[in-house]
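Presented below is the structure to which this report refers.
A, B, C, D, E and F label the chains in the order they appear, each numbered from 1.
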């Protein structure tokens, strides 16, 4: 009960600040929190990256295993993306089957990776129709302080970009070799707070938001995925403005995925 | 969205700008909306849209299940979008897969944006969408059916929610993709509009387009939604003209 | 609470009427509601039928897929029947795993189809011990106003009778061909209302019932399945009377399954 | 029920009307009933019937789990029929399959028809049946065991519920089928009788018979139930004669 | 509520008695309840045993089925142990997925069987890398009056020791043959009641216990598994004392597993 | 623990008593403990121990979920030990397997033995342990992390719970096994100590040892726990010296 009241007061305060173009943590509406990216955080994975977006922390790990191509794509490997919003990361998460929120993150991240053709799947084919690599991307959210989608895709793409195909371990080739990424999709998420649209929302800003919009772009200037979420609405003009801002931020975030470090 | 190694692509666009089924780029498939198609539900609608057949039912406001989801200051809006096992070419295992769960979530959020939920605290408004036959655009058909079903159930809303998908096919921006266009096209962009405010409450995109193409797609989609809006209102007018439950998905 | 009271009053009223041989909707105890049958309702299915029994609506869809014969029946195809009592169809159904009621409908429908040898399973064998057709019958209840079992089996048998084996699509034969049905089982369901036994109960009559009995017969004069359900009891003489009535109604309903239309 | 392509059928009936195990058509397999076979349960029974071994336990009246099943005007009767993984020839995966769930439902409904549930509003009476060794007729053996367990738990009932299956084997109507008869026979008809009223509270059938054969089967089954009824009463008399929990499934 | 009060009074009483070296059922702290073992109780199993430990009753059944060896042990068969704490056996068990208590029993029993090399798994290999026997041990708890672990392992080992490999039924050999057990692990469980450590706790003693310790030994004088459970603690000296007592009891219980009868 | 048919065993112990990574038999792997590594949790800790990386978070005392687990006289202590899919050589399917559930249970019981749960009736104290990178000894690393996280959350306890595994490797008793030693060794014996009382609240064993070896193992483990205890206290001192949330698993 008192929790609800506190939340309402906080929401009002966030909206009041936004009306003046201000935010609780002092950022401008078009400013991301501090970003750090640490590839190779987990050596048991074939690729990994720990991404921090302010107080949000997300760990992505890649595992490649031999598998069988799908019948309708005999010359292609298989991608599988999964995000776990484990209860360690936030007081609102419960143990149990994946909640709609976790499923949405998984699918929005997966959609950007696929649509951008991040990985050339034909390179993951070993023997057409018989053997291929299955590439599992598991995103483990450790600290959920808002904007999981951007952090998760950034961690996933960084981990893919630094991953190794364990061909030697599985007796498929003489040596392991880099997985190689051909495109770098980046997702940028915005929320509406009254008439102000802010980028990279915190957890509290997401609670106060009147609509969320995520736009994925790649380095060739294409929009590769979008997802409107939460209760609320955007005008077509809002969408166009957000897309423009997403291209600018995307360019900057992409450097983290490529280079790794902050 | 053009999968790797897929078989040869059919011709999706003729030189004179006609599509695989003869439509122009800004032409909708035929759509038929029947309000009040079921007897048990508090509100219902059946939509035939191209080769899609979608049934929607609304129950509520009623007690919340499971109880811990109850909210003190408003109704909870729950949505379950489901595909029948036989609605697609390759049989789908019964039950909600991740795609269905994601669609259920974005549809619920779209309706939460227009229903006056605070009028029914501590209750649940349950929306069920069943795709019986699928041919691209089922989430939009589901939204249209659910929206009419909510109106049929007498749930107060800001406005009805027309919805349509725009896509990129053979390099061109086209309204209301059918299955072949969706499978072999370059992008798919479903949206749902609040006609009164001109704002979008559902928007997703997959594939690839430029910024300029996206702008054109949004405009084309809004225009398509407005056409569908008229058909939705007509279906409800017909329903109230007739009176008691009509009954007849067929 | 008030819902319970209303239900009790309705039950009393139904029982009072039944004592005079009357029913709420004006039918006689031995009268079915209006039946319509629409085969081919769903073109994405290999066979389908929409059945209406008064306000009850049930849709059955058939899908055939190549599979492997069971080791103990190497020359036979495989049948799988599933009924979904989706929450769209009735206010009492909850989302979640199949409830006992749905499982009972599935199994009673499945039992009649099998025992009547509706399909000649040897015709679904492609290569003994290696390849056969698996025939999935999915029953989707759309509007549950009582007597789901009769409507579900009628929809299933009609869908089977009008189904096509997609042999060409799966590269197993030059052309698709009709599935063919060799027997037409029909289930007729009765409930006891005091001393009166009525056929084709509505949802409200089922709530008031003191026992339910379903009898499946085929066109050769055989009883192929029975199921007593709900709380309540039948004397052996009741059962014999019901079986006699089931043969009469079965004959009439079978015409719908064969011909399709109303 | 004679599956397609099955191996050669054993001789189920000799020319002089004897069955595979030497029984006549109207002869039951040996049956042994032990009331009070367990210590933790409020009531229990162990039944050895031919090569079936079935244990039943009853708990209650007690609090209802899950709570939302609670009824204000009567006890809820819940039943869980389960087969041990090793009870059948081919190992069964642990957990309730659809067959077990259906049987649980019809057994619960049978007992709801005879228990004075309105005496214990807001409670649950939980019946657990475990099939340890199966040889056709396990649902009837489970009913008999559960019925004695309910009496052992002191739950007031109209009457005990004897049960037996009748079948059609080699063209003849026969009482109490064993496994080979069930596998290769033409029909199986399990039933449970309220001896006091002569009415059936459980009745299922699978296979094929004529109307006339069904009539004879019902009569044979009722007669079999009455024989079993006497054995059930004897087991309970013995239990009360002995006094405190006996303890001993073996 | 009153149930809780009763439980508290019982716990106090058990602890008071234990302080004087006494137990509710008259046993000394180092005394087992009466044990009976009945091998072959279930003929549908390939091996089975019904074990009674006072009022506790546990039934173990073995099933062997042809399967495939694990890739990393191509010359070995596969063991699978599962314990079901079915709701029939105790008022505190609910239907549903296996509870942590059931999982613990399964795993502690499984660990002792594996670590003791009870079965020579290479004898369960039929064709290296291709075909082997999978040996399922299912433990069905019928009456839970305390100390499930000791009863479950005793039932499982007895059932294994009396099991037959159904090689003829599966067409793998001319005749069935005994499974053969090469070691006989036995688990002995102790609980702390104040300063007294008692063996073979009843259900009520487990509720009152301040720590539980299980020690598995085999006939060669090895400790093969241990498991501390419940809330409570043991000093290293406690552990050493318990291990010594476990060897003594283990020797006696092993005779039941070998011989079968009481 | 030396699986059947496994490949050739590496040399685990040199003639001069050195182990595969150069350690002596009573030497721990390097361990780094960071209290307060997360922002959302009420308490947290990150532990790097050899090649293990383990994160722990504590939430509570807070409302109990699911509600029926609530206890009137004390807090419920719940633990969830989970391994990330990529934490081990062969990818682990997401979700709790039986091993994880067993470990969750024994860790919860260990903490129940030291937390003053009666101070927070009707609440839940929830411990989450995530293994991000595994190299033998993860349950001990998880216990150490969780113990520091509980202290970081201000939960009153009798004492911290240091933990370590002792094993038998190449015939010798050795402290703190790493992966190769665990895979090819003869026994593994994880334990958790209450330093104040010198008693063990977690103790498991798998493999084979003699009674005398077990006695030596216990002594070696207790000694190892006392070393780790000092590092745990140092990590907490550092945390409080620094002040507000440090933030930084890396």
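What we mean here is this: a residue touches a chain if its C-beta (ideal position, glycine included) is under 8 Å from a C-beta of that chain, and two chains touch if they have at least 3 such contacts.
Keep in mind that this is a model prediction, so the values were computed, not measured.
Chains touching both chain B and chain F: A. Here the chain-to-chain distance from chain D to chain E, counted in touching steps, is 1. Averaging Cα atoms per chain gives one point for each, and the point farthest from that of chain D is the centre of A. One simple way to say how far apart two chains are is to compare their mean CA positions; for chain A and chain B this gives 27 Å. In terms of their C-alpha centroids, the spacing between chain B and chain D amounts to 51 Å. Chain geometry summary: the mean Cα position of chain C and that of chain F are 57 Å apart. With touch defined as above, chain E holds no residue shared between interfaces to two or more other chains.
Touching chains close into a ring; read starting at chain D and passing to chain E, it gives D, E, F, A, B, C.
By the touch rule above, chain E contacts chain D in their complex via residues 36, 38, 41-46, 48, 50, 55, 57, 59, 61-63, 65, 82, 84, 86-91, 94-95, 136, 138, 140, 142-145, 203.
Looking at the complex, you find that chain C touches chain D at residues 4, 72-76, 100-101, 103-104, 106-107, 111, 114-116, 121-122, 211, 213, 218, 221-236, 238-240, 243-244, 247.
Every residue of chain F that touches chain E in the complex is listed here, in rising order: 1, 3-6, 72, 98-99, 101-102, 104-106, 109, 112-113, 189, 194, 197-211, 214-215, 218-219, 222. Put simply, chain F touches chain A in their complex at residues 38-41, 51, 53, 55-57, 59, 62, 65, 80, 82, 84-91, 94, 126, 128-130, 132-135, 247, 249-250.
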